[in-house]
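For clarity, chains are labelled A, B, C and D in written order, and residue numbers in each chain start from 1.
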Amino acid sequence: MIKVLFFAHLQEEIGRGEMELDNADIPVRNLKSYLQEKYNLSRMDQVMVAINEEYAVDDDEIKDGDVVAFIPPVSGG
Amino acid sequence: MIKVLFFAHLQEEIGRGEMELDNADIPVRNLKSYLQEKYNLSRMDQVMVAINEEYAVDDDEIKDGDVVAFIPPVSGG
Amino acid sequence: MTDNFDIIDTPIDTQSLIDKVTKREAGAITIFIGTVREWTEGKKTLTLEYQAYKPMAIQKLKEIGEEIQSKWPKTEVAITHRIGHLGITDIAVVIAVSSPHRKAAYEANEYAIKRIKQIVPIWKKEHWEDGETWIGDQLETTPYPSGKPNVKDESND
Amino acid sequence: MTDNFDIIDTPIDTQSLIDKVTKREAGAITIFIGTVREWTEGKKTLTLEYQAYKPMAIQKLKEIGEEIQSKWPKTEVAITHRIGHLGITDIAVVIAVSSPHRKAAYEANEYAIKRIKQIVPIWKKEHWEDGETWIGDQLETTPYPSGKPNVKDESND
């Protein structure tokens, strides 16, 4: 099981801020495509992914128990 | 009559912060030399003069009623 | 100095950040206060809403502090970002930097706000008279080819 | 905005300066706080004493505010300098600048402290363990050939 977090416009498009999935042992890229298609998400090419609170790249492998966060372009400050 | 103000090390060398003089109608340069000699003032080449709260140059004429301030290098902030 | 970096949902007390960085070795403290501005490029903001991925945001603020102390030795850094609903003139972020000398205090402070806008997972939703939008969402900037976000144009730029 | 510029002999309340520059048009406020540092080039400061030619100093602070508003439009500026005896970590000067955008707020703030050190008639006397000296007196810098003081090396430089 992995925990997936969504923020900002993604949270609104999906209708919730987190979900649990059993898509472990796949690269970030695949989870991204899967969710993009399933929820018809917009602007996913601008969205970063963090695994366990650290920025990850598309090739990084998601492991069982990971917390994966989808991070749209930040706008704090 | 003119009023003359001294600050910082000049105030301490002269022993007071202000005095009244009747040296009107002379340029700043002359008042400066007069006081430097009379009180044996140090580092007068670094000292600025203000007439009525505005920086003046050596050629500026001091007029009756002026307030003349001797301003050592400033060190605020 | 973990508690120098925080995300809160209540008003930020600027003085408490000043107190955190005040020390006998410091001759200069710089503070940056980001406030909610009413007008941005002709659009009137009514309120703002900030959302954060809080544990990661605090971690990233802490990393920014470490970057600063590495680049500008003998500095002390404190940053608090507010989340939730904010009105015009409300404070969204306060950055405090102390340093023995002022040049480092200015440079490090400006570096901090730039880095916040690059790497800290906080999002702003603008509520205008005619609608609302998550910023970042709206900017249509270039994607992140390197896997790292770029600096973007934001409220106090 | 004359009352935005002041010389006082009591502790400076930073928040009051923030309040003076806060406005709906501002997205950024920068604050500079000059504090009394304990060590300067190996010498230990015990206390400091600041003296001002008060009416001229307030006038010069006001002029610095006008220079800033002319160089960086839509800024608001407030400066208070403290005089008298100050201990280590006490605040000597606070500069607050607000601006719609942050770049101007940083630049204008740094400009203000530089100008204070050039043109505002305030003097600092250092009280060390082994004596006391008026700073400026001690620096042996070049004279002012142009009739205008130069920037000098000071406490928070």
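As a working rule, a residue touches a chain if its C-beta (ideal position, glycine included) is under 8 Å from a C-beta of that chain, and two chains touch if they have at least 3 such contacts.
From a predicted model like this one, the values you see are computed outputs, not experimental measurements.
Among the remaining chains, not one touches subunit B and also subunit D. The distance from the centre of subunit C to the centre of subunit D, with each centre set as the mean of the Cα atoms, comes to 25 Å.
Subunit B and subunit C have CA centres that are 49 Å apart. Rounded to whole angstrom units, the spacing between the C-alpha centres of subunit A and subunit B is 72. Counting partner chains per residue, subunit A has no residue touching two or more of them. In subunit D, the positions touching at least two other chains are 34, 113, 155-156.
Under the touch rule stated earlier, the contacting chain pairs are A-C, B-D, C-D.
For subunit C in complex with subunit A, the residues that touch the partner chain are 34, 50-53, 55-57, 59, 81, 92-93, 113, 116-125, 134-137, 139, 141, 143-144, 147-149, 152, 154-156. Per the touch definition, subunit B reaches subunit D in the complex via residues 5, 7-9, 11-12, 43, 45-46, 48, 50, 53-58, 69, 71-77. Across the interface of their complex, subunit D is touched by residues 14-15, 18, 22-40, 88-89, 98, 100-103, 105-106, 109-110, 113, 155-157 of subunit C.
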